[in-house]
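In structure tokens below, several structures.
Here subunit A shows up in two complexes: once beside subunit B, once beside subunit C.
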Partner chain A sequence: MAVSSVLKINGLEREFPSEGVPETLLDLLNALGICHSTVVAEVNGRIIERQNFVNTRLEGGESIELVRFVGGG
Partner chain B sequence: MDCLKIADREFSSRLFIGTGKYASSEVMRAAIEASGTEMVTVALRRVDIENPEDDLLAAIDREKYLLLPNTSGARDAEEAVRLARLARAASGIAWVKLEVTPDPYYLLPDGVETLKATEVLVADGFVVLPYINADPVLAKRLQDAGAATVMPLASPIGSNQGLRTRAAIEIIIEQAGVPVVVDAGLGLPSHAAEAMEMGADAVLVNTAIAVAGEPVRMAGAFKAAVEAGRGAWLARPGAVRRRGEASSPLTGFLRE
Partner chain C sequence: MTPVFFELRNSVVGVAGLGGLGSHVAAALARMGLGRLVIADFDVVDTSNLNRQQYYFDQVGMAKVDATVANLRRINPEIAVFGHQVRLTAENISEIFGGVDVVAECFDRSEQKQMLVETVLLRMDVPVVSVSGIAGYGRSNEIVTRRISDRLVLVGDGVSGSGPGVPLTAGRVGVAAGHQANAVLEMMLENGRKKERRSWQ
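On to the complex of A and B.
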């Protein structure tokens, strides 16, 4: 049972009022339409390897960073 | 074969390419190809949640090009280490171009924080390529801390000013036991050739190619310049003299 319906994603709070927060990190990425094969995540400051997205459960209230490579020098 | 070895990898191209500022992924891909490079830098940023489709990695053939993630945006050692670890999780390899640039105006690197972060990352198994000001003492300290290269700047990032730090880079090259990669500020192929003629092991170029009117053509020009400069260094240039010295024989003149 989710303890909160809010996730902080890349610094912005996002509410999941009706359905509650997605069950796992993978579900969250799918809900946001983000291709998970190129993304790396931090949940509450801890790096989550891509293969662990599926078993990283979300309760609500987490601070999540979703990052990927962009052009740079 | 004149190969450059960094950590356990060998490179036949001595030109590394940054992937920022390109007008499109297509132009970037073509410029990378034309440069002949084998290593390209990338940055790590938050996913744009509203526009999650944008994917740089799709444009880079990872079979051909080693990804070198940078820690751009880091203002201190702690932020740089965090970015490096995220980049390792994203790329699957532990190479990092370490840059710590707290000053947003000149984007000059913080040597103290860079050394701190190098120590942490080397202990964590990273191959660390630190971006530094052209400081020979710092270069030695980083080398002693286990850095795989040192990457002194030619002039401020993206400034296209060329080799403004020439005298200090000469000392770094003379003293270095690791490859010296001149990074940042090289605006023209002649600047890159100059660095290579001085004995730099490689150069890293982004802005000069990406913002050129024809980036693909400029990438080819940099490739030629780096090869020319390297060739000149290997050929061992003749001495510079103050006076003229005739190239033609000084005997057999048609005079009395």
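On to the complex of A and C.
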């Protein structure tokens, strides 16, 4: 597998065979159907501020942690 | 008196939100002997809160901050409580909770949870215990505590969001609040933070 077609998301490797990985972190969230306003994201161990999801570029091979929040408290 | 007792008495915890989670977490920490609490919530006590939040009928209409301070002083007269009746934002969180050893995320809305966790991880250097997925009835054993990363602990089942037909209930919220109070204590002891204390003594 080419590095540029794989991302590790929450510990599991996921392939994006046809088009390669999404260009940005925001594109990835959209592809996964995850709302950006309810997720905290880390790329390669660094937390990414929500306003920067759109300009965080992905090359492939990154390790991404996504923590989703649901309401209630 | 154990080392845990002294650690608790010399620690400060920030509680963001004083609803079903926050009101119980604050009370549990007070009963366990925590020395200082910084609490924040803009809201007032409503009759609809009484099904799960640690307030009383004669407190309806009071600011939650004021009601919580009163309740905590009745539990533990020695506890120092600093209350802020404000809406927490990314801009004021690190100022309001500056100096705390651990932050407890006790908000209701998922966007607020995201905002607080992101802000604490980005702009502060303390752990945060957050909660996601505690709505509905029963299923106590589905509430878990997970260490997500070095500074983030997550309580809940991760999926049970509150909404129409899926209410927040005292039993399940109570289980989660207990998990959260325990996780706050564990993070506090693990880090054994000896930050320079403010001169509020």
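Basically, the second predicted complex is superposed on the first by the 65 of 73 C-alpha atoms of A that agree within 3 Å, B and C clash if a C-alpha of one lies under 4 Å from a C-alpha of the other, contacts with A are read in each partner's own complex, and residues count from 1 in each chain.
Here is the rule we go by: contacts are C-beta pairs under 8 Å (C-beta built on N, C-alpha and C of every residue); 3 or more make two chains touch, one makes a residue touch a chain.
Because the structure is a prediction, the values reported are computed rather than measured.
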For A:Glu49 in the superposed arrangement: first (subunit B), second (subunit C), both or neither?
both
More residues of subunit A are touched by which partner: subunit B or subunit C?
B
Considering only the touch criterion stated at the top, classify A:Val70 as touching first (subunit B), second (subunit C), both, or neither.
both
Figure out whether A:Lys8 sits in contact with subunit B (first) or subunit C (second), or with both, or with neither.
neither
Touching A:Gly33 in the superposition: subunit B (first), subunit C (second), both, neither?
first
Which residues form the common part of the subunit A surface touched by subunit B and by subunit C?
38-40, 42, 47, 49-50, 65, 67-73
Subunit B contacts subunit A in the complex at 18-22, 28, 41-47, 49, 52-58, 67, 69-70, 72, 85-87, 89-91, 157-158, 184, 204, 206-207
In the complex with subunit A, residue positions of subunit C that touch it
17, 19-22, 106-111, 113-114, 117-118, 121-122, 130-135, 148-149, 152, 154, 156, 158-163, 168, 173
Contact residues on subunit A for subunit B in the complex?
9-12, 32-35, 38-40, 42, 47-50, 65-73
Which of the residues in subunit A come into contact with subunit C in the complex?
37-40, 42, 47, 49-50, 65, 67-73
